[in-house]
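Each chain gets a letter, A, B, C and D, in the order it is written, and its residues are counted from 1.
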Amino acid sequence: MQTIPVGLVGVTGYTGMELARILAVHPSLTLTRATSRAEAGKPLKAIYPFLEGFPAGEVAITAPNAADLAASCRLVFLAVPHGAAMDYTAELLAAGLKVVDLSADFRLLDAGIYAAWYGLDHRHPALLPEAVYGLPELYAERLKTAKLTANPGCYPTSVILALAPALQNGLVATDDIVCDSKSGASGAGRKAVAPMLFCEVHDSFRAYNLGKHRHTPEIEQELSKLGGAAITVSFNPHLLPIDRGILSTIYTKLVAPMSVEDVRQLYARHYADAPWVRVLPVGKLPETRFVRGTMFCDIGLVVDPRTGRLIVVSAIDNLCRGASGQAVACANLMSGLPVNAGLNLAPMMP
Amino acid sequence: MQTIPVGLVGVTGYTGMELARILAVHPSLTLTRATSRAEAGKPLKAIYPFLEGFPAGEVAITAPNAADLAASCRLVFLAVPHGAAMDYTAELLAAGLKVVDLSADFRLLDAGIYAAWYGLDHRHPALLPEAVYGLPELYAERLKTAKLTANPGCYPTSVILALAPALQNGLVATDDIVCDSKSGASGAGRKAVAPMLFCEVHDSFRAYNLGKHRHTPEIEQELSKLGGAAITVSFNPHLLPIDRGILSTIYTKLVAPMSVEDVRQLYARHYADAPWVRVLPVGKLPETRFVRGTMFCDIGLVVDPRTGRLIVVSAIDNLCRGASGQAVACANLMSGLPVNAGLNLAPMMP
Amino acid sequence: MQTIPVGLVGVTGYTGMELARILAVHPSLTLTRATSRAEAGKPLKAIYPFLEGFPAGEVAITAPNAADLAASCRLVFLAVPHGAAMDYTAELLAAGLKVVDLSADFRLLDAGIYAAWYGLDHRHPALLPEAVYGLPELYAERLKTAKLTANPGCYPTSVILALAPALQNGLVATDDIVCDSKSGASGAGRKAVAPMLFCEVHDSFRAYNLGKHRHTPEIEQELSKLGGAAITVSFNPHLLPIDRGILSTIYTKLVAPMSVEDVRQLYARHYADAPWVRVLPVGKLPETRFVRGTMFCDIGLVVDPRTGRLIVVSAIDNLCRGASGQAVACANLMSGLPVNAGLNLAPMMP
Amino acid sequence: MQTIPVGLVGVTGYTGMELARILAVHPSLTLTRATSRAEAGKPLKAIYPFLEGFPAGEVAITAPNAADLAASCRLVFLAVPHGAAMDYTAELLAAGLKVVDLSADFRLLDAGIYAAWYGLDHRHPALLPEAVYGLPELYAERLKTAKLTANPGCYPTSVILALAPALQNGLVATDDIVCDSKSGASGAGRKAVAPMLFCEVHDSFRAYNLGKHRHTPEIEQELSKLGGAAITVSFNPHLLPIDRGILSTIYTKLVAPMSVEDVRQLYARHYADAPWVRVLPVGKLPETRFVRGTMFCDIGLVVDPRTGRLIVVSAIDNLCRGASGQAVACANLMSGLPVNAGLNLAPMMP
């Protein structure tokens, strides 16, 4: 069977590692290039010893070069930091490649908002309208013809999927949404910094960047579209002593009393055709382990009649669904493959 | 030096274990009795091997007997489940002992609310007015003469201390408070149940009992007193894969705009004489490790001008500050000792 | 495509869970029956919520019944405790089914040794010669025609694969072998017992059953065959605060000086055709994370000239390679499938 | 009460942090100086937020200066890397200070062995004979008059205490000792390096430096003295996903058959006057949690008649007993205080 050659730019972080894990056993996408200036010349398995024994592990790391990538791939995954990704994107698109950018550089439609939250001027604002936000449940049709996908952030994936049915159906107030999100440590990346050492994270828990996290405008952009109103959210991340997983507990106010059974039915109908969104039975709540290593987004629903609130809890794997797996789903669609090619992954339990 | 003999009823759970840890090195309270029908006859160190080498480890476990306890102790800590504690309390008080009850049996002033949340009729409602709620920052004076202390729940300790200054000073709306609390696994007790096995908790995270946890009425009772209004909170617990620690992220609405510096000053003044409440500098947020094994309650403050919210984050050690250490602080006060006798504990880092 | 229907007897433990995880996405084996008296009538996903969305999750749990299993399956995995498995095995074989028994009941060729170590008389000793020890690297040919596979223990898998090349080639003394093995907590099973609670295992480490673990005779039986001499080993297990993984550090004495490069080459040649045994480069040592969720057995080699020892370090995933994945590999062979059907799994990193 | 002023040189690592934790509540040693070029000018609590509320947290960090230290302290703890410590030591001794050096610089009596294992020439070999090896169970008398203590390594502490009675009494062969040691991650220090990031250590386990760890010569030096023969050990460290704790499993050959009860009695007598060495009852084995945060060294004993081996298992807290707590014990002795002043610490359970 003919497979589609793809490239990976950026191999030193966890999203690159997760892309390699998924592509190593993907039936239709074949990793043919992996780039890193620092590691050029080594086989990929020298960086990722767990890939020993897989053809992907034998791919020789090269210095990034657009012409070479264009000659050897049809699509490239960019797993480099925001700020750096935008120039790569422009260059690779110009070379005729399709691009899935895992950074934040093309997620915000408004370059001014990008500048305000990321402290950087966008150098390729003309490309912003071309980018499709890579959430398959919302944009599958557009992704099929996209040349550039802005792969969603991990927290936004967990929040947007959790609120889409409630907002689209006008169930909840748009001016009183609080997201209390908790993420595993892989979300912080693989850079060697003291606060992410084992002994600084293990057996502890902390909040960070309350009200100020850069995923906030991305969440607000998509929620506003879904709710048909300008939505400001209170988004508040926390660091869990786990490898993978995001659990978001989202507090909303019902505009009118509604039973949890009715809310659940509405959610279940909304996601009836979405293979990865699992709306849990009433009384069940998500756990990050149930989605570990997979594309699932588990959603639990609670109506608290004492306070008139609908509480939505969602769980995803931040690396797979929240980053690299979602990137592969987008690449699948962009390549004419079924969205779930290579992504029919069973959760790792325990 | 003469020390005060104290007893421990209930040795099989984590609160009993934590009491033993603290009492083992307490300069003025001496453990002289520990009771358990199942383990009677063994020395305490047979149950708690870590106590080998401490006099407390040599205490012989006996079957619980009020007369014997009254003859050998001046104060008894009850570390037995709610429902069971109320009869013990009545019996021990009648025998002339002072009692610190770590269960929920005497925390709620209203026996009807107890019945509604705990599904049990209170068998000793006449004792409820005698019980002092054992939060030293609120009730130190009354604790000095108390015969019965209702030791606070772990979650309530973290929430009440976090909100007391804001509510007493009218800073925030009383009808829009959301508590998103996360607790270590020791809070679930030491009963052998499958959902608390290592492989069910480790490397995972989950919410539970959203809007329905039994600590809710206790929180509301105390917050209502502080706020001078009947307060209903949305209280929502989660389970962390850590041994010890609670971190509560509490979302409130400011009634009028206020700078975070001003809020911080007000909190710092409020707790100026409280040795264990540490109001962190602006920009710093609590971490459970910074309070591990201690009586500290660390409080971080964030004002989010985008949403008009004051976010209060508090961290305690659920076993020490949230249970057994607080019980010892109460016992200190009830015994005429300084509140912090034996409790000048440095956090275990890392 | 026609698939082969298989059954699972025993759904409450981690090996049953892991079988379900693997079979949920196996291309050629289809789970059609899962049995449990206690849970009969529920769909499997009620026990394994992570299987929501997979056909395997919809399988209705039934009470175990040989006739029903024979009518609906061709092969059955027994994930029940030793002692219970032997009767099931006899009954299912009699009903014409093939059986992969994950318990210890058919691993030891000598019923007397079984009785001595397990404290049980074997009730079906006549079946012992029929059972094939399910280690594909050693017994692939016999497995292809086996009706009964005795699936190896987790520790033995890690030790036997580590020592086979050294013993078969006479590199090391047969009378001075020490195995220091460390296992993740899933190896202890899913029974609710206090010593396996999260707070008893997390952030701690302990040895247990030194010199007395029941996997010892199984290791000695296979090593003796490989070494051509009666081998007694000092086998010593420890409990790691991780979910999955065994790392065995095995201390041997070289019979003659040999460079680590030569030992490595000998090992590499020995396992040249074994897809799952990865002999690491000199200077590299295994880590349990590199094999997480997979069939890999990673082997690292150290020659210590100061003491004349060859130290072999092996790492496997105790649930996958050490139990359920290996059972599926055996079932593959017994069913005429490639050994690695459904088992081309990439390690979960991180 | 008059207390003794002490200084801390090196505040950025875990041993410095642990010294601060212990000194913060020490009744007789008062931290008056803490030095760091990089952090000079800040109060210590800016580096160690957990010390907020303790006088030690208010100590102003200064640049290291021997004259200033000599003017303000009587004893200095050196928590700097090996290689750097030797010059500080010479300078501080010359200034009249007593020194407890937590590095390896003065542990080896033979400068040639130091050079061979550490790759460094010793610049102050004349000081080597002055240094007392800081293991109170072996050298308490000499420590009382020492000016320079070479604080033992963490692994050596766990191994030497475990083998001292067996070697001094000639129970075991001196030429067949294998130490399989496992350490928590704090032993690797606090330097920001990728292999010690949370996601690289958590939920995994690995061996490292087998047969080559720098603690080997230190172990051999002390064991040789105890055994009265030149002893070469096979010392093999592993990395545990826990914060604190070392468990060493040590395999020896009995020179003559001996019951485990007799071995246990001999050990118990040997350590009858050692307050921190707990020889466990026959049948019990150590766990790192039972010694967490303390000076205890728990020792479990197993005789395996099948292989003629005595297996000794020891557990310590690598940061407290294996580094900073032991340093304080030495400082106590050097200062005329009881060895356990400020070190009567109860284990943190759970």
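Note that in this section contacts are C-beta pairs under 8 Å (C-beta built on N, C-alpha and C of every residue); 3 or more make two chains touch, one makes a residue touch a chain.
Note that the structure is a prediction, hence the values are computed from the model and not measured.
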Most remote chain, CA-based centroid, reference being chain A: D
Pair with more cross-chain C-beta pairs in contact, given B-D and A-B: A-B
Centre distance in Å when chain A and chain D are each reduced to the mean of their C-alpha atoms: 45
Length of the line joining the C-alpha centres of chain B and chain D, rounded to whole Å: 36
Chain centre separation (chain A, chain B; CA means) in Å: 39
Junction residues of chain C, two or more chains touched: 14, 186, 199-200, 202-203, 241-244, 289, 292, 350
Touch list for chain C against partner chain A, complex: 14, 17-18, 21-22, 24-25, 48-54, 186, 202-203, 243-244, 275-276, 278, 280, 284, 289-293, 296, 298, 344-350
Of all residues in chain C, those that touch chain D in their complex: 176, 178, 180, 182, 199-200, 202-208, 210-211, 232-234, 236, 238, 240-245, 247, 249, 251, 285-289, 292, 300, 302, 304, 306-307, 309, 311, 313, 350
Residue numbers on chain D that touch chain A, as the complex places them: 14, 185-186, 190-194, 196-203, 241-243
